[in-house]
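Only one structure is covered here, and it is reproduced in the block below.
Order of writing sets the chain letters: A, B, C, D and E. Residues in each chain are counted from 1.
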Amino acid sequence: MSMSLDIAALGPMLAVGVGAILLPIAEVLLARKRTFLSRPLTRERRGTFLAVGSLLCLVIALIVSFNGFVGPVRVFNMSNPMIVMDRVSHFLNIVVLLGAAMTVLVSVKYLADIRTNHGEYYALVMSSVLGMMFLTSATDLILLFLALELMSIPLYVLSGFQRESLRSNESALKYFLVGSFASAILLYGMALLYGATGSVSLAEIGARFDPESAIDMLGAALVLVGLGFKISSVPFHQWAPDVYEGAPTTVTGFMATTVKVAAFGALLRVLTLALEPASDVVYGALWVIAVLTMTVGNLMAIIQQNIKRMLAYSSIAHAGYVLVGLIVGTIEGYAAVLFYLLVYTFMTLGAFTVVAILAKGGEDRDRIDDLAGLGATRPLMAAAMAISMFALAGIPPTAGFMGKFQLFRAAIERGTETGDTSLFVLAILGVLNSAVSLAYYLRVPLVMYFREPDAKLTPDLPGFFERFVLLTCLAAIVLLGVVPGDVFVIFGDFDILSKTTAAAQQLLSPPSP
Amino acid sequence: MTEQVLFYVFSFVAVLSAGGVVLNVRNTVYAALCLVVSMLSIAVLFIMLSAEFVGVIQVLVYAGAIVVLFLFVIMLLNLKSEDMGAESQPLLKLVGTLLILVVSVKLVALLSGTRKSWPEVGSEFGTVRAIGEVLYTDYLLAFEIAGVLLLAGLVAAVVIGKQRID
Amino acid sequence: MIEPWHYQVVSALLFMTGVLGVLIRRNVIVMAMCIELMLNGANLSLVAFSRMWGNHDGQIFVFMVIVVAAVEVAVGLAIIIRLIANRDSLNIEDTNLLKW
Amino acid sequence: MLDGIGGWVDQHLLTALIFSPIASLLVPMMLEAFGWRLSVTMWKGFALIVSLVGLGLGIEVWRRFDATVGSMQMVEHSTWISGYGINYYVGIDGISLFLVVLAAFLLPIILIASWVEIAKRVKQYIFFMMLLQTGMLGAFLSLNLFLFYVFWEVMLIPMYFVIGIWGGPGRLYATVKFFIYTMLGSLLMLVGILVLVFLHYQQFPGDPVTFDYIGFAGAPGIIDTPIPTEGQPWWQNQSCLFLLFGLSFAIKVPVFPFHTWLPDAHVEAPTAGSVVLAGVLLKLGTYGFLRYSLPLFPVATIDLAPWVLGLAVIGIIYGALVAMVQQDIKRLVAYASVSHLGFVMLGLFALNLQGLEGALLQMVNHGLSTGALFLLVGMLYQRRHVRDIAEFGGLARVMPTFTAFFVITTMASIGLPLLNGFVGEFLILIGIFAVSPLVAVLATSGIILSAVYMLWMVRRVFFGPLLHDVNRKLVDLGLREKLVATAMVVPMIWIGIYPSSFLRPMDRSLSALLRKMEARGADIAAYQGLGESSGRASKESTDTSGPESGE
Amino acid sequence: MFDHVNESLRWIPFLPLIGAMVSGIWLIFARNELPRPLVIALGCLTPILAFALSMWCVFQLATTFPAGERFFTDNLYTWISAGDFHAELSFLLDPLSAVMILVVTGVGSLIHIYSIGYMDEDHRDDRGFQRFFCYMNLFTFLMLMLVLGDNLLVLFVGWEGVGLCSYLLIGFWYLDDHNAMCGQKAFVVNRIGDFGFLLGIFVLFWAFFQAGHPTIEFHAMREYVGEIAQREVALPAWLGFLPGFPTWSLLTLAGLLFFLGACGKSAQLPLYVWLPDAMAGPTPVSALIHAATMVTAGVYMVCRLSFIYSLAPGALATVAWVGGLTALFAATIALCQKDIKKILAYSTVSQLGYMFLAAGVASYSAAIFHLVTHAFFKALLFLGAGSVILGVHHEQNIDLMGGLRRRMPWTHLTFLVGVLTIAGLPPFAAFFSKDEILLGVNLAHDVPGHMVLWGMALVTAALTACYMLRLYFLTFTGECRAPIQVRSHIREQPTVILGPLFVLAGLSVLGGLAGLPNAYGETFFGIPRSNSLYYFLEESAASAHHEVTHAREFLLAGGAVLIALAGVATAALLYYYRTDLVPKLTAVVRPLYRLVWNKYYVDELYQKTIVRPLLRVSDAFFYRTVDVRIIDRIGVDGTAKVVRDIADRGLKLAQTGLTQSYVFVMLLGSVILIAYFVRGL
């Protein structure tokens, strides 16, 4: 049999994969008494080296993805295209890579602060990222499952990375148990889908899917449960707060952003390719899930004292917002989803970065009160935090508002076209929710600016990496909010909005490789 | 005829020993052993479904590696009998159990409704050769990813598991 | 005559047994085992379907699942060991520092 | 270089007006970035200069304004987010003119007034005030619904900080309450805007989707969208949309049951905050009604008018009664604002020229007189750091100048003729009388009550014996404060004596608005209880008069 | 400036305004006081110049303009214009306003001069002297706006403005809280009247608007009033108790509304309560504002709108009755007061009632006539009282006076003239004006119960004579009851104070000639149409014309004189010859006496029924209950709390931290999802 493999289609993955494979080796080499630098390295130096290395891979991957975006749609293996490298996957990969890169940058100092600076960290991050990238592009159940696990398993460990801290252990254990439980359910669902249609490729499943048959629908439901777990949508969300709170802050940031992005990518694929025939039932279910997710997330966030936990709930709520775009199911809707995921990454990472910088003396300082007086002591951090909060709350002229605006715009547009009241109600509930969300988002600037700083707990200055990340997030939040059109012109006419739209178009009309 | 006997026997054993894993509260080791039994019988079912390769893998990896790993850990922590205090949320678990029973019944009913017959398949079907061909052509990518996954798992297990980090 | 649905029933039973175990057993190791049971259930149905459709996708899938399962168990057990090292208990209910 | 800028400003007057406050801050920021240490005074001085430039621009706008046309003037239009119909689209007409001028006028006064009051975090203070100014001006001038919404929201953040950082003891509660309350309303408005936009998109399938409120270059704008009055789905009807918009405006105004954030905000806010709040921010609510609710949903306006009128009247009387029993001067003035803005609402929903012009003028009046009251109270607070009426008494003896200004302002706000308040209130009342004499009667009784609470406050603060010895040592206004007070009082007298210079520019725009409402299916003639027969009368008589057909 | 008479009109009000502005701005911005001479020049010269100018204008009016169109306007600019509503800022000089401005500027100037002396040694307040003249000038300006206003709105400007000045001047000595409170009371009560006034404007404007002539300008209204004469307004159902329900004549409604305003401004029942308290101000203020000019604005307004009232008999009757009742009511109260100024205040109320009575029977000229004479003698009385008060060192209680005749002869003389005038004895001015009023009432057949009114008017006249004489006797006759240390220093006042007294006394004596009734004119002097005021005013406010024989006129007059004499006699008996009778008498009618002595408890009534309940309701119910508790705590914070509690008390419980509960929830969720997906399940 003849195979025609298009290795280059995997460009971005290769870059990251190489990193994932080489970093552990590099770590071992660097850890020796006599390194090629001919003298033993402190753990910090080692960490920095590895971070830079992984950063290198990520940046290469980024560049490749940017190129891929403007290029044609490609698949790895013509005879059995398990992945499709279309604009959606490229776009989401870019988002994931950005998130990962920023995480890596922040981690260097943070790991030193919490005294768990192990080189494996970066290897695990890289392999997780690899999983995410495959997840966003997978069009095949097998690959979907594999990628999901490749993404999750390193995360189980990463969240338990503070080996000595009970909270970290607990977070890891919970994540592991509930996570693998969920993936087992997902697997069973996949099995049923396969049994119902006799194929593992999403496109063919979609072609043969029979909404009347019970097994098909059963499989669909179970798959939705599995993916719903990954995007932490109610009622499959409860692991998120615990895990996010216990995990090291940078890991939390990483999980809260990239994992969601990738999982939403998978969800997009499944919904558009496989479950299209069952769309009305699926969307009906998603409507309820979206409303629940927004509401529960926001309500629970109000009563939190720990900022990581609060952000966990806020990330749940935001998953709800994004679902709105999925439910709309138009080009605008999907474009809004993509855009929102990008924006969301910056907003949330900005916040988590600040929290990470606050860590000191081997432990996190993640109570909201720990931020008291930050506005006076550390203006940049405070500003970043505040703007992230306002963005998350969706106040113009920040990117968060732009994202929400597009989501609700899509909903209303579809609603007015079809006279579908449910979409209008969804939008109303959405905006009411974001009004509720103010209750906790505003608390952070309130504490930072209106409270007097605690004298003995002045956080240390953000280092170069951190400052870089903060400024990047700030710039992105503001620019994406003010001129969402042509933000990334520097990357060669990269008009986000039109790009998301273009990507969404490809999503709706799956390209024939 | 023999097929039916085999099927019923092994599926019975499989489910029974699976139940053993769940219900055997006293001794974790027994639970692990039940797991082995269940997996072996599942392997038999695999082979009955003319999936030799997978069956073999099932025996080697699952029974041979995974469960051994379990046992190893159990021994390492040498806790034969687990003694957990009082149940903290009995009601929830009761309801859950009932729910599961109901769902299982429904599920069985539903699945038994789907009547389909076996297609004729060549003798090649499910052999190592056949699987190998597909695996290294169509599913090459998946295979590679599985490799990375194993590496990642290795690193992960090491970093989290090893007793002390210098 | 044994038909595909027989196997499906068995797999479903296995799967649900696993679910039951995860729900009611408080010993984390046993919970991990039960997850393996769930995976096995899924595997069985995959193989059965693969036979039913006469294509190999299902078996490949199972192969991959077994790999995944192995990794999962390795990692999971590592985490559990770490847990034991820090807190001498296998009871899942003892790990609830993080709540609300 | 300079005349280059000059030329640009000459071309883009409104843009310059909107963005000069915030943009000009780049200069000192640059300087500081390059290592110059600017002293606090330099910052203040710079801010003052900038605000004065803004005032100059505002006056220039007024000078250029052509009172003989009712349409938008000095329009600027350029694409912001292509493909989304989101444009940078600003323009001014008789409705927004004086609110803009007012805003531009108040900023320097506020800065001078708070020259010493603001001691800590001066840079942040200046930044927020400038941002606030930009937001307010933008909201008044924008003609693109998206742009409007953005500016509308942008104002919240600086106000949040101004109250929260420089406010009184209860500031946290007050500021969060203010923020969430306002945001809740405006988010609903966002949904309303979206529905409108896509209704428009459906009505005019040929055109691209647009957020432009008034069509640019011949294209139909949102204002031209026919909106169903009944039929399915219910949420595309005028009434529903009116409510979506109206709630946010009503909260901002604030209309009766939604008013409780205002006293808290006023009491806790620093002087500057209170002045901006009372002076300009509240006007955005009434402005919103006038600019958007009335012309967009004329039929719903008339259908729901009874409710609005009811709430407004309740607000007038209720606010006055509650103000009467306040012990805290600022709280008293805050409730007085509720009462006064009730008048404005009445004027708006009178839907005749008298009412509308009165309402619009009253917005300016309220900005001046209540703003002045807050300024004066602030001066008092600077000296004694208390606001309890009981703490004072007999101040007229030690602070005659202060007393004089305060009494004049009071008289203005209770609507004494030859001062600004009277013109507005009179026009509003005579306007609403045409719609519902009963409402007019109730509202007019409000002017009795206003005299009661204001004079009572004046008496207890300024007259009677000097009970507290601390008050004996109070010093009268200094030069700076006299300047501020005079600057506030002069326009009051001007409006009171020669209101035409304000009424005339409004006239065309407002009558155009009324014609627009009629063109969009509002039967205003029938709505005017007296106007109805007046329609006949005017047809018989030679002049085509009638309260609604102003020309 | 004098080249054209129209142009010159505006300067009549503006001259005092200049004075007010200069000293006012100085007061605001400077710390010290202007030099006294300058203050006096500004304060007194401006009204005097205004007076001269008014004389000239009136002379022009009377001579250059032919009878029939004796009016001209001075139009400055369009003040308010919105839609069809236009209000010019323009002044109108016609016979009515001519009379008024002469009174205002004339009497005003005299009082200004008087004030120089009166305020001279007042040291209660630094810069008080200048402040006083500033306010007085401001008042003069606004009063002139009021009387010269060419339309309702300008009239209203003056209307409210004089209210403000009265507020400021009553509370002039603000350091005494009581004074401030009185000023506030005056302002608020006046506002109640203004409430009616405004509504009246609205009614008239829209009525004329519907008739196709949107205007509030007097001559235009008068021209078109016929077109709306027949308009009826439907009353809402809850007004069913009113007479004439369900519809009222629109003009009646308007007339009543305006009259409400008049009641406020001119202290008629039930809104008279502020005037007695207004005496807290300096005496010249009482003389100028609360006797001569401002309080008569209501009468002026009714006459100004006579063309409406003449078409609204219901309104007119109401005016008459309220006036008559007020006259009687106030006179009774005045009987027992002990404060010299309070007595004069109540007599003012009573006299104003007289004027309204006159206006109510449509004899407007009589009303104006009495207004003029009243301005003379009441100003005289107040100024005299002021000089007395100065003499006894700011003592106002007449029980502590007495025997001042010898110590202050000139004051005594002028005061006596005033007393006799108000008592209505010939040949003093008030005799003629009162006489005309009584005649008018007696003949007004179309007013229901006009004979009753006539009787009340006669009784009032008697009472007036009685209490004024009482005042006179108690103050000037008998032996001095003032405290010893004061007694020795009681001196006659300087010329600057006495001068105005003499002038006013002269006017009180001769003022009657302005409106000498035709009967007297023809009988004694052979002058036909000697009631020149009547004919002069006819074209601005046409009074009802009654054919009446001279005999009847004399008869009525004689009756009136007898009545007055009776009152005089009673007073003389009780307070001069047999002073010992008074205690006995009061002992006999003690409850009645106490009732009257406490002014019928009207103030207390208002306090109990209106003021206190309003405050209590506002505080306890509206503020503390509705605002704080219901809206804020339950409504706003309540919502927030509920939202929070949903999480804190509810959802939170699901987040147990126990893994297996999460598993359970997931399971539950999946089952529901499956049930929704697989209909069969």
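As a working rule, contacts are C-beta pairs under 8 Å (C-beta built on N, C-alpha and C of every residue); 3 or more make two chains touch, one makes a residue touch a chain.
All figures in this text were calculated on a predicted structure; none of them were measured in a lab.
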If you check the contacts of chain C and chain D, which chains show up for both?
A, E
Relative to chain C, which chain has the most distant C-alpha mean position?
E
Min distance from chain CA centroid to global CA centroid: chain D
Identity of the chain that, by mean CA position, is farthest from chain A:
E
Per the C-alpha means, the centres of chain B and chain E lie apart by a whole-Å value of 103
When the centre of a chain is set as the mean of its C-alpha atoms, what distance in Å lies between chain B and chain C?
6
Report the inter-centroid distance (CA atoms only) between chain A and chain C in whole Å.
26
Separation of chain A from chain B, taking each centre as the mean of its C-alpha atoms, in whole Å:
31
Shared-contact residues (touching 2 or more other chains) in chain D
180
Chain B: positions in contact with at least two other chains
88, 93, 96, 100, 103, 110-111, 113-114, 139, 142, 146, 149, 152-153, 156-158, 160
Flagged in chain A as touching 2+ other chains are 142, 146, 149, 153, 156-157, 160, 163, 172-174, 177, 181, 185, 214, 218, 241-242, 303, 439
Judged by the touch rule stated earlier, which pairs of chains are there in contact?
A-B, A-C, A-D, A-E, B-C, B-E, C-E, D-E
Show which residues of chain E lie in contact with chain A when the two form their complex.
640, 643-644, 646-648, 651-652, 654-655, 657, 659, 661-663, 665-666, 668-670, 673-674, 676-678, 680-681
Chain A contacts chain B in the complex at 1, 3, 5, 10, 17, 20-21, 24, 76-77, 79-80, 82-83, 118, 120-121, 123-124, 127-128, 130-131, 134, 140, 142-143, 146-147, 149-150, 153-154, 156-157, 160-161, 163, 172, 214-215, 218
Taking the complex as given, what residues does chain A use to touch chain D?
390, 395-397, 401, 405, 408-409, 412-413, 415-417, 419, 421, 424, 427-428, 431-432, 434-435, 438-439, 442, 445-446, 449-450, 483-485, 497-498
Chain E-touching residues of chain C, taken from the complex the two chains share
19, 22-24, 26, 92-93, 95-100
Enumerate the contact residues on chain E facing chain B in the complex.
656, 658, 660-661, 663-664, 667-668, 671, 674, 678, 680-681
